[in-house]
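Take a look at the structure set out below.
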Amino acid sequence: MKNTYGNSITITLFGESHGEAIGTVLDGIAPGIEVDEDFIKHQLSLRKSYGDISTQRCEADEFSIISGVYNGYTTGTPICIVIENQNKISKDYSVLEGKARPGHADYAAFSKYHGFEDARGGGHFSGRITAALVAAGAIIISALNKKGVYIATHIKKCAGISDIEFGDFFKDIKELNNKLFAVLDDKAGEKMREKIRIAANSLDSVGGVLETVVLGMPEGVGEPWFDSLESMLSHGLFSIPAVKGVEFGDGFRLTDMTGSTANDEFIVKDGKIKTETNHNGGINGGISNGMPIVFSSAVKPTPSIAKPQRTVDFVKKENVNIEIKGRHDPCIVHRARVVVDSITAIILADALTMRFGTDYLKD
Amino acid sequence: MKNTYGNSITITLFGESHGEAIGTVLDGIAPGIEVDEDFIKHQLSLRKSYGDISTQRCEADEFSIISGVYNGYTTGTPICIVIENQNKISKDYSVLEGKARPGHADYAAFSKYHGFEDARGGGHFSGRITAALVAAGAIIISALNKKGVYIATHIKKCAGISDIEFGDFFKDIKELNNKLFAVLDDKAGEKMREKIRIAANSLDSVGGVLETVVLGMPEGVGEPWFDSLESMLSHGLFSIPAVKGVEFGDGFRLTDMTGSTANDEFIVKDGKIKTETNHNGGINGGISNGMPIVFSSAVKPTPSIAKPQRTVDFVKKENVNIEIKGRHDPCIVHRARVVVDSITAIILADALTMRFGTDYLKD
Amino acid sequence: MKNTYGNSITITLFGESHGEAIGTVLDGIAPGIEVDEDFIKHQLSLRKSYGDISTQRCEADEFSIISGVYNGYTTGTPICIVIENQNKISKDYSVLEGKARPGHADYAAFSKYHGFEDARGGGHFSGRITAALVAAGAIIISALNKKGVYIATHIKKCAGISDIEFGDFFKDIKELNNKLFAVLDDKAGEKMREKIRIAANSLDSVGGVLETVVLGMPEGVGEPWFDSLESMLSHGLFSIPAVKGVEFGDGFRLTDMTGSTANDEFIVKDGKIKTETNHNGGINGGISNGMPIVFSSAVKPTPSIAKPQRTVDFVKKENVNIEIKGRHDPCIVHRARVVVDSITAIILADALTMRFGTDYLKD
Amino acid sequence: MKNTYGNSITITLFGESHGEAIGTVLDGIAPGIEVDEDFIKHQLSLRKSYGDISTQRCEADEFSIISGVYNGYTTGTPICIVIENQNKISKDYSVLEGKARPGHADYAAFSKYHGFEDARGGGHFSGRITAALVAAGAIIISALNKKGVYIATHIKKCAGISDIEFGDFFKDIKELNNKLFAVLDDKAGEKMREKIRIAANSLDSVGGVLETVVLGMPEGVGEPWFDSLESMLSHGLFSIPAVKGVEFGDGFRLTDMTGSTANDEFIVKDGKIKTETNHNGGINGGISNGMPIVFSSAVKPTPSIAKPQRTVDFVKKENVNIEIKGRHDPCIVHRARVVVDSITAIILADALTMRFGTDYLKD
């Protein structure tokens, strides 16, 4: 499978940054799910440019649901959502033809597509494609919420500045999902944005770490081989441009612990089985154990920077210099978080539907 | 898909730790690949218990190839390899019935399989299943080597002790693949083993980080959405028991860099396009760029420890104490590395076969 | 997989008959394939209403390729084609709500979608969806032709009238692909249309058999289990509304032969291995043998007829009578043939791409 | 996917006719399904040689379940069943090397596997592989029966002799599943066997048509595109060696009817919605409608005949004569019927599990 992912619920993505439109086909959604277009707009707004720390390309992101929804409810057949590209200025990019932007897919894409790729603005590799993913994810996030499953992502670290840790998951999730800049500590957020501005002024960029939490995931979902929840989630997360690391629970920090510290001891509390700690991030042996699912994604600094860089012209096979003009994000961490939420929702809904049947989201 | 993974080349795993046998079906392998049983044995030996720092359960790991190989060459039809379980002592585990071992899948499995799971020795969740994966991987590793693709994994860090970094990739790979304890610096290895012994004596366990490098991977292989090389590899890696984090190139460290540092500048060298650095681990936009593919996997400390722990009896739903008797590994990092090599080989061979056709490995 | 089919090349269909639009995502197509919009129009015209023997609903079938094509060539990324529904009159159908049209999917769909389905005009079950499939198929048919693979389908039988048999495959294929009513013997065609008119005047409908031939398919493509060419093709063919039977070569007639008659004896002719007869339709053991691939599809009479019929109201669970007003086809056999050609092209291109790699169509 | 089929429940086949063993991995089966080894033996006995009208190769078909079953119940993890090849006489086949048996896959396989295939006895293309499929199917057939879903296949026609039609489905199914030669009319069966003997004496072979009926299939299962029940079933059926045609309900006969005859009118009977006729074989729009599912499979005459035939040596590329010695079936129709039942059970169980969740078979 190429641009399609999932088993019982699948998402297909199409489109190029500067083509006519981008979009998605979301298939396998139970019939009878209410589709709230305002919530889709809300989710898309979380992905948009943020004030002075984002690209000046401003897309309206007006979407059309052209199939699969009737009278405001899903029909059970594929939902196609199309988002037109309106504010596309190609001239900024044309000068780059043949010049591989460092950190970008230009050269790898050329090796694969032999020069037929629509390279304008990154084409099919552009972060812009994620708008379609967010629109699709919004439909599922609403449905999961009604089933008691809640998802949120915060900027755990950005440009070296750390956010505080989650306190009350339920309250934090609710607040995060209404913030344009998703931090638990707004002061940390202010410092992050200051760092982003500094990077922008230096014609440079910064990255960060996103931490996601999922509350209310039923236990007993996932497979030992090969569709562990970790496998399924990481598969989706690593498709998001700029994600270069994924860890579950304490992830890499687990490697410095001893077993007696890393093991989450079980306890019966109020008649329910829980763990006292959650170093394993709610997943044991690839299967949900009923605890919050927690994972982090490493987002590298935006590769598009205005600073002059050395590179090659891969058509002429010669060394050249490059200055990437145009409208770039000095940081995409804050915009990526809703993309992470969206792919997470899609993948967990798929796993739940595989486990409990195609009507699960509706019942 | 559950216990099957891959597109053009697929691997299926079956078996339980204390059942009759474990095994694998490897499908989609080009016809005419030489199958070297000695090399399979060699690879299986790398996964075995290591002297005094491993479990005392010692399996002969005698394998039978019962289909798909004829006169020493692959036929192109599915290769089934069966490995009998010989040294299975069930009594050590029976006392645990209903008691969830902390850090293990027992409780999650019970939620999924309703008590019908064969829980002895971890059943289908046991690290033992990876022996089948190693046997399958060995066939592919041989074939990839003939195509100029080389894979090796070293213990980057274990119990807090770090190995040195790769020097000459080609030489290091060759050496690593003949070492039982895969470190570049044998002195670091000695210190690691000492730490493992200390953990064992404390009835505890330790974890570590494995770093893998792939040389000779052709460029232009992988997909932007959703089968990026990172997605495909992480999907497989996170199925290995105990892996809780995966990062490509500099991974999480990229998040503290600026774009101008993290970007790998391209350069034409001897008529070939390369990058000066390799912070992105040989993958841009999900597609190989011709540089070495580099990634790290976080292996948590073995959850089976002899120390008394608190837990629950999930059948009776009550709090209990647990002492896990039996034969445990105080560390599985050194044994896991050949498992990482094997799944890496299988996944890359799949991507190459998708890209270049079913005869790729043979031509 | 639901609305997506294929391995290396996949097709996804979306849309409802009376929704905003229908469309398709065609993925996995090699980069650099020329896209001839006139040929797509031509192919769509073959699916259109035919004079006085078809529904009076007349759709312009104006399509937009909104991704995956750049400067007239495929980019290698997903091709999304959208076809708006323009001539949609819903009132004809609204009276049917709750009334199961005999021979239609209404009741089965209600059992699956619980009443949330967009039932207007058959919704997602409508033959209209096949327009998208034809548009996608057109891109591949052009590409296959350049590789020397040619496909055509004729109306072997319709309303009891039989066409003559293929003579010179190459010449016949060329002619058929330019005929609106695809018969080898135009006189037989005239008789078929007369029979169709008679059925229409009786407020009834008729069916027929389509026979497809593929010339130039390379040998050695397909799998014994489970992706035999027959399996892959029948999977696609049985998704076409109204197809209720598929046979390869002499199909059901083989069951009355003896082995010595049914076996196709091999012969070396001009240095090439061929068979003297082709009772097996070019496929042995699921794999192409280099002979023309031949198969037939049974198309049942259109279930929408104007004659009064007895049925049930599945909402009220009571027996009722139904008179289906509106614009119906007294026969869809002649319109279905280009749909058969299209799905055949997509599936064979997928099998070829799996076998020879993702650049196959381009090389 | 190659030798693996299915979505939530998958079957993988491996093995060669004269290799060490054949077998299967059946995955996705709910935990807690009782596994009755006697019933597996019974099912395997239905596939065995029948008295004087079958090959004299007599395999014990002793199977070992080496994973996925514990204490007599499925565990929920993959079930691997291995059947050793005991009675393998290779010398009968060795003389054929390079000689393409007409009607067989030898030449197509050579084109695909380049001579590395294990061609002895048909290798991976042999009907022998279906023994593994029958063993796997037996586990599911038992489970489906407990859910009220019943399957049976009779020999509708063989060597030109027709069986009578189904009367009382429930009674007929029960009787058929205990008959070695599955006809409703034993006198017709005697005539068929007489015809088979005559063919054998003429060093020839005969074929036939199998008709399958499924009672109790819940409505609302299947997909419009592309996983219609017809698509899924035909995909599996066409993988069975010798099947060259599949039709649902009245299939090809529908093409000679008018819509008013072919349409199945709905009726409310005893509070349940049914159809008065079942020309569509229980499937509308790819989805079950609650009526019995009925389909027929065309089985060609066994290609292995003792009569001298002309063919080619594909290694030397020259015309030769061939006399196939050894042990052949003059007819495989009666042996194939349990294979059809088995693949039908596996595919329907998969569709049901996709629809209702992984515990469906158990609940």
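Chains here go by letter, A, B, C and D, matching the order in which they are written, and residues are numbered from 1 within each.
Simple rule for what comes next: a contact is a pair of C-beta atoms (placed from the backbone, for glycine too) under 8 Å apart; a residue touches a chain by one contact, two chains touch by 3 or more.
The structure presented is a predicted model; accordingly, all values stated were derived computationally and were not measured.
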Farthest chain (mean CA position) relative to subunit B: C
Of B-C and B-D, whichever chain pair has more C-beta contact pairs: B-D
Subunit C and subunit D: spacing of chain centres that average the CA atoms, whole Å: 27
Mean-CA-position distance for subunit C and subunit B (Å): 45
CA centroid of subunit B to CA centroid of subunit D, Å: 38
Touching two or more other chains - residues of subunit D: 1-4, 7, 13, 77, 112, 124, 224
Subunit C - residues contacting subunit B, complex: 7-8, 77, 224, 354-358, 360
Contacting residues of subunit C [partner subunit D, same complex]: 1-5, 7, 13, 100, 102-112, 124-125, 129, 157, 160, 199, 202, 204-209, 219-228, 230-232, 234-236, 238-239, 241, 243-252, 254-268, 271, 273, 275, 280-281, 283-290, 298-305, 307, 309-312, 314, 317-319
Footprint of subunit B on subunit D - complex, ascending: 1-4, 10, 12-16, 19-23, 25, 27-28, 31-32, 64, 66-68, 70, 73-80, 82, 112-114, 116-118, 123-124, 359, 362
